[in-house]
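The same subunit A turns up in both complexes below, where it pairs with subunit B and then with subunit C.
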Partner chain A sequence: MRRRVVGAVSGIAGAMFLAGCATNAPQDTWQPKGPNAQIIDDLQKPVFAVAGIIGVIVTVAVLVAVFKFRDKGQPIPHQSHGNPALEITLTIIPALILTVVGVFTFRTVFDLAKTSDTEMIINVTGQQWWWEYDYPVQSEYGITQPIITSGQLVIPAGTKVLLRQTSRDVIHSYWIPALNGKRDAVPGRVHLNRIEADKPGIYAGQCTEFCGLSHANMRMEAVALSKADFAKWVANQLKPYTPPAENTLAKEGETVFMNQCVRCHQVNGMKRADGTPVIAAPDENIVSGAAPNLSHLMSRNTFAGATFDLLNKSCREDVWTADSESFGAKYLSGVSEDCLNQKDLRGWLRNAPAMKPMYANPALLTSTGGKYRGMPNLGLTEADIEKLVAYLLTLK
Partner chain B sequence: MFSTGSKYFFGITFLGAIAFAIYMLLIGESAIGGTALFGLVGATGLLTGLVLFTRDGSQGEEGIAASTAAPTSSIWPLIAAVGATLLLVGTITSSVVTLLGVVLLLAALVEWSVLSWSERASSDSSYNASLRKRLLNPIEFPVLAAVGLGVVILSFSRITLAVNKSVGAIAFIVLGSLVLAAGVLFSVRPNLRRGLVTGICVLGAVGIVAAGIASAGAGVREELVLAKEEGHYMHQECGAEKSEHFDKLPLEGVSATSSVDTHIDLIDGKLVASVQGIAGNQETITVPRSNPTNIVFRNKSEGEYRLVASLGSKMLTDGVKEDVVQCTQLIPQGSEQLLTLNIPKPAEAGKPFTLTVPGLAGQSIEVIVP
Partner chain C sequence: MAIIERSITTTEAFSVATPSTSLGALKRPVSSTGWKSWLFTVDHKKLGIMYSAAALFFFIVGGLEAVLIRLQLAAPNGKVLNADLYNQMFTMHATTMVFLFVMPMAAGLANYFIPLQIGARDVAFPRMNAFSFWAFLFGGIFLNLAWFLGGAADGGWFMYAPNSGPIFSPSHGIDFWALGLQITGIASLVGAVNLITTVLNMRAPGMSLMRMPIFTWMQLVVQFLLLFAVPVITVALFLLSFQRNFGATFFDVAAGADPLLWQHLFWIFGHPEVYILILPSFGIISEVLPVFSRKPLFGYPFVVFSGAAIGFVGWGVWAHHMFASGLGPVSVAVFSISTMAIAVPTGVKIVNWTMTIWGGKLQFTVAMKFAVGLIVLFTIGGLSGVTHSIAPSDTQQTDTYYIVAHFHYVLFGGAIFGLFSGFYYWWPKVFGKLLNEKLGTWNFWLMLIGMNMTFGPMHILGLQGQPRRMYQWTEARAGEGFFNLGFWNTFASIGSLVLTIGVLLFLINIVITARNGKVAPLDPWDARSLEWMTTNPPKEHNFDSIPTVSHLDEFFHRKYEEDANGQMVKVKSAEQVMKELEDNADAHIHMPSPSYWPIVIAAGLPVIAFGVIYSIPIAIFGGVIVLFGSYGWAIEPSTAPDDDFDPPVTTKDVVHVG
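Coming up: the complex of A and B.
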């Protein structure tokens, strides 16, 4: 029995130890992909080494003391009280170690807080359970009108990007380990977080402040593009809205969208039949007062707070594993009908709360004044879902 | 199993519980009656437990402690009773009363338990007393010092709120100087009589507390009352000012002013915006929709000005629209005011949201809501 327990514990410990060697872990804190994460890595590796050595020394000393001096019936040894030389030494050595670590830590903290060399600004707003990104006008990047998107943060590689983070409801925390450390997003406050990616690619992240039922599903992805590809992405985001052609399934989907979805979701440039602009009113329906802006939805690879992929498995693999040179073109090709993850998108439209835990049961909404947290089940028919999928595919 | 005394209390508890259940089922709307009955059940239940535990106070030989002396008189049972009463009263009046009751109960619980334990530690009462002191004095002294200091600070704050601003500053300087002088005196004359030192300290503290009580009775000075009535701290109205009193610095909203997103400065008749994290002056600011955003307006020009946020219009009823406008207080040069914008929707095409200063043509900051 004892041998089995020891075997099981050793097996679990071994598996956990070996799991640390995984090379394809997208949220590995030991694989920096940008200068800010590199600064942290340069600090944490030596500190980890020092802490590890001290940990081993202390553990060995304790084990030696426990086994060598265990009670074997020997007389109690001479008891002494106080040894100034030893006590001073044992105080000074840790103090010196902590001082050295502290100096480098402070330097790192100040280096990471630097914003004077910012090259690009993006406002990041967290809410239960997704991230909104809005790009203020920055003509040097071709952003002549504000761009608003969600789920995937698109940045130019090799550019110092300053994220101005806040939250609409509860405290969240923005963390893309490959690009920088975590930074809280607090309601009513703006916190600054600088990121920069060395090369084009997708970098995964996760909200790291418990924020409610679907905290574990509140993911984010930073997509770094070459400067030329980023310019193409900006140009696409600024393209005016093109309504679907008349007498198509997509056109019928647009009508369903106007009847159901625009209560919360904005599509920039969409107009009613009488020419009046369609303005969503998430403030009237959702606790946070916002829902993802779905303009150019199919230029993203994810939906529902980056919880689900818009690309099916093979197309997703194709993008994620692309090398730096070909990545931009693959990402910018967006989501075609062949690549669309129909199963998850249809499932989401059919019954969103069944796919992602949300406080979406109206019977349990008394504390929110009847407003939703997350997307409710709209009770759409299969025919409506068919039309909506066709329409959403036009939002390139 | 049940001792004679416990049967009596158990009976009351049982009947009280039934009465409580019936009351909640039939009349359940009133919190007062339910709380009273629940309090009765709790109190008699506690007594039942105590009586059962002590077997009606009869002790076997094994129960005789090291000391058989009668317990000394103590104020803690009385404080515990007051605490329990406040706890119950607080459930139907105010959470502050409940909190006070909890604090008193906890204090009484600790003090009474340690006192009771120490009195039975040995047959030497002086040793027992020293045992109690050794255990509790490290807690009692800092707590009492903190409470005493808190009372003095609270009293002094009442004084400064009641008197004129300048008088308050002078009082602060005078009091600080007196404390410093007393400290210097005590340190250079360590042989001063203990009674004299205590007398000076007590006299000073009592004086401040008395003045504080008198000030609290007189109320805060008029300008603060007026400023609060008009909501100048975060002024949102755009009509004529009701009074000239306002907070020159937006100190009231400490939380808000510690997280200012944008400063709008009026410098020599020109309006400029500086946004946190963005270098240089901006001609537009971006505000996320449905999210409170704090803006501080600083008047650095001669004359009185206010900042006006024109945020489109909202539908009141079918076909009837009302302009949405927010304003700061009219403030003189060198003053600043806080404005919190919470905009639910983006602007309609061709009708941008703006920040302007009435009386200054051509000065406008556009507010973009994506």
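Coming up: the complex of A and C.
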């Protein structure tokens, strides 16, 4: 009888818990979409079940005692000081349960640490408050020159990818719940984090080590593409720079970019009128010494540490909700003028610190020797912003 | 004040012999009433009250910070606080609750009740006790001064390097934090030495360690934990202060440092700290449950040794806070297993409490309600703790709201429920009046419901991917459906208001009780341990004569005996037991004299800290105050003339403390 009550109560509690959850939460830790997250899930589900059952047993025992032994005028109970046999039994049982759990945990820890069968390497570097993804040359994937990008981590689906993580300033933590648990990115150290996505799609994540003012605005999106689509993505990233046509708004925008943005942001292959290469100097201006490389900006769906969408709402929905077959093509179409999230991009160019808290106020730079953390307010005119948007749209 | 005299033959009230002038070049204070009697007191009971009152004040401060946090997170893209203020708020909420509420509240109760429970008249080092209190208070105030001097600490209570460095946190907040905690750390260390000495040396005759009340036992474990843990954080805080104030490079990666050093130091302190917070409450409910079950604590030796075992194993689990830090699989696996191991002694306690009430004669006073509440709430928190001792699942859970849920069940449902149980249980002992039980029942239920509404949904929020320490959450990551993360965030915020009302009722209860509370009878709960074998509130010297102890639960066994049928029957009333003690009263009881110097030395510490931040000459001035105070401390005479000291013929006649 009691066992049936316990079973029923735990069933109801479990059902209530599940019914009380959000559906399709992008960062749900109980929805693994790749083998590493799956291994963790397989290990933890039984532990949650056992913990739930023990919780129910203790609660029921306490409640039974509360109702059964309430003072109804019964005599003072026998002053028994305990029951060592019972006590020892109830010590050994949890110890045995935990021993079993411990054995499986031990094995899983080492399974998850395995890196010997890695198929692809990406260097991931955190800094306040965005991630840089740097693909070393791996010709089997068509990566014949290094690719440096940010905003979205693009990986081939069904491929064991090793992230080599570090940081340029404070400690950050890389976490795509659907693909694996989190791993800290620590300055001065390289930490390995293996991920693999079963299917093409977008998997959301968030920096989970407190990293200062805009910690909440340091997001991640991992984009898994089919192998064929990934090859197309690589080819696009390696496409050489094509300057905007003369006498266009975009061309004027390129000039604004060269006068302002290039102090920190690199666009690969950009050249001045005299043919000299335009090289960004973020070390001079930023504490972390890096700013997002903006080559092929419009091939990404997000900007400013994946805080804002480059796609407007409806276009974004279209990509996020696509099934895994049509996803690749939609993602690779990038950001067209019609789909551009004009509001946020213009707002960002107008006054970045107002949109994402950063110590970008020149009055607060004494402790950093004049260097910024994050993008300052550049004081651009509306005309300049107009030109810049036109230019950025050419960075396909 | 110094000497309490009573001739053995008379039955008159005690006369307290207070010299109108004290002796010596540096006189000692003599007033036994008014504010001076509090400022310069060395009485463990007055200090205990002041500790607890200050802790309660900081509880309100930390609670308001929590409410602001929940208001900010009630809706997406919250605008109540900006990012900077939010970061300060959660840093200071945790710092305040851990260092300025739970720790000093437990210290206050330890101060007040350890001497009473072991049948002593004061602690071993009364002046050091006073110094501990003032150092804690001044440290706590100093820490919070940062709010008014350019912003409070903003690096999280864990203060991970290098984010705590001057580049990433240019305000003085972290300077105040590090130095303020350094001062409260001195208070904890001095207090630990004092209480360990007291417990080991000053127990009543016959009170062997295994006859010692369980609250005192758990506090003894806590004092040992403090003694070994506080030096670790002291070192870490010194490194941090030198890094920030004197350009050292302990955590500077460019200079070759490894920022994980801080994490190891912090958590080697930080994990024992968790047990420092919870064990006093374990002790409290291990007193309360037997009293209101009319049964001894089930398996007293198991509870004692599991407490001690937690104290030992608690040192070998710190890296479970760092499973995502990249320690490598060997360390992760080892710390994962050791963390599971600590669940066993903790489980033992839950079994013992449940078995204590099982078969009892239960009276649901408010104290008992909080104690029973603790068993269930702590079990929930303990079990979620087991789920993240599994290192791989912890990499999914750590730094999400699931952890926030876990430790609030353990610390709110555990530590704070235990403290509230203690408030209702011991209030009549301390103030001679009973807290209102009806209001207390409302207080309990609102706190229970509010706490579950606030922290229960955080399990879901965390498992569904909401990270901690984010000043805003966005609908883009909140999922779909009615019960999406937005719903639960709003729900938790409403819960925090219910919780606030619950705590408010406690404060109202204090005021009502102080104005026209019911005067407590001598033994309101039919209690079991020595602290109830004296008046409410206790006399200044605690006991007229020091009782000789022959049982665990001595007081109970003086009142009750087994009759021929094996039934426990009351053979003596509490009044009769008291009368026996009074009839055998000691003739001369020497109590320690008050002193100016503890508060003076303690006042010098924040001046030094202030100087470290702003200007070295100020620090030197603070150092001079401490030096002057120490000198005064060393040479101050006793208030009482020397010839007043009777030679201690037997310890029964003359007991001299301090």
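Points worth noting:
Following the convention adopted for this analysis, the second predicted complex is superposed on the first by the 364 of 396 C-alpha atoms of A that agree within 3 Å, B and C clash if a C-alpha of one lies under 4 Å from a C-alpha of the other, contacts with A are read in each partner's own complex, and residues count from 1 in each chain.
In the analysis below, contacts are C-beta pairs under 8 Å (C-beta built on N, C-alpha and C of every residue); 3 or more make two chains touch, one makes a residue touch a chain.
Being a predicted model, the structure only gives us computed values, none of them experimental.
Superposition of the two complexes onto subunit A shows a clash between subunit B and subunit C. More residues of subunit A lie in touch with C than with the remaining chain of the pair subunit B and subunit C.
When the two structures are aligned on the shared chain, A:V101 is found in touch with subunit C, with no touch to subunit B. Once the two complexes are overlaid on the shared chain, A:G289 sits against subunit B while remaining clear of subunit C.
When the two structures are aligned on the shared chain, A:R189 is found in touch with subunit B and with subunit C.
In the superposed model, A:A65 makes contact with subunit C only, not with subunit B.
When the two complexes are overlaid on their common chain A, residue A:N83 makes contact with subunit C while staying clear of subunit B.
Look at A:S116: by the touch rule set out above, it reaches subunit B but stays clear of subunit C. After superposing the two complexes on chain A, the stretch of subunit C that clashes with subunit B is 615-623, out of 399-407, 561-569 or 615-623.
Subunit A uses residues 186-189, 192 to touch subunit B in one structure and subunit C in the other. Those residues of subunit C whose C-beta lies close enough to touch subunit A in the complex are 82-84, 87, 155-156, 160, 162-163, 166-170, 253, 257-260, 293-302, 324-326, 328-329, 332-333, 336-337, 340-341, 343-344, 347-348, 350-352, 354-355, 357-364, 372, 375-376, 379-380, 383-384, 386-387, 390-400, 460, 462-473, 476-481, 483-485, 487-488, 560, 566-569. By the touch criterion stated above, subunit A contacts subunit B in their complex at residues 115-116, 118, 121, 123, 125, 132, 134, 136-137, 146-148, 162, 164, 166, 168, 186-190, 192, 266, 277, 279-284, 288-290, 293.
The part of subunit A that touches subunit C in the complex is made up of residues 17, 19-30, 37, 39-40, 43-44, 47-48, 51-52, 54-55, 58-59, 61-62, 65-66, 69-71, 74-84, 86-87, 90-91, 94-95, 98, 101-102, 105-106, 108-110, 112-113, 128, 169-171, 173, 175, 177, 180-184, 186-189, 191-192, 204, 206-216, 219, 287, 357, 359, 364, 366-368, 373. On the side of subunit B, the complex with subunit A involves touching residues 255-256, 258-259, 261, 276-279, 284, 286, 288-292, 294, 344-346, 348-349, 368, 370.
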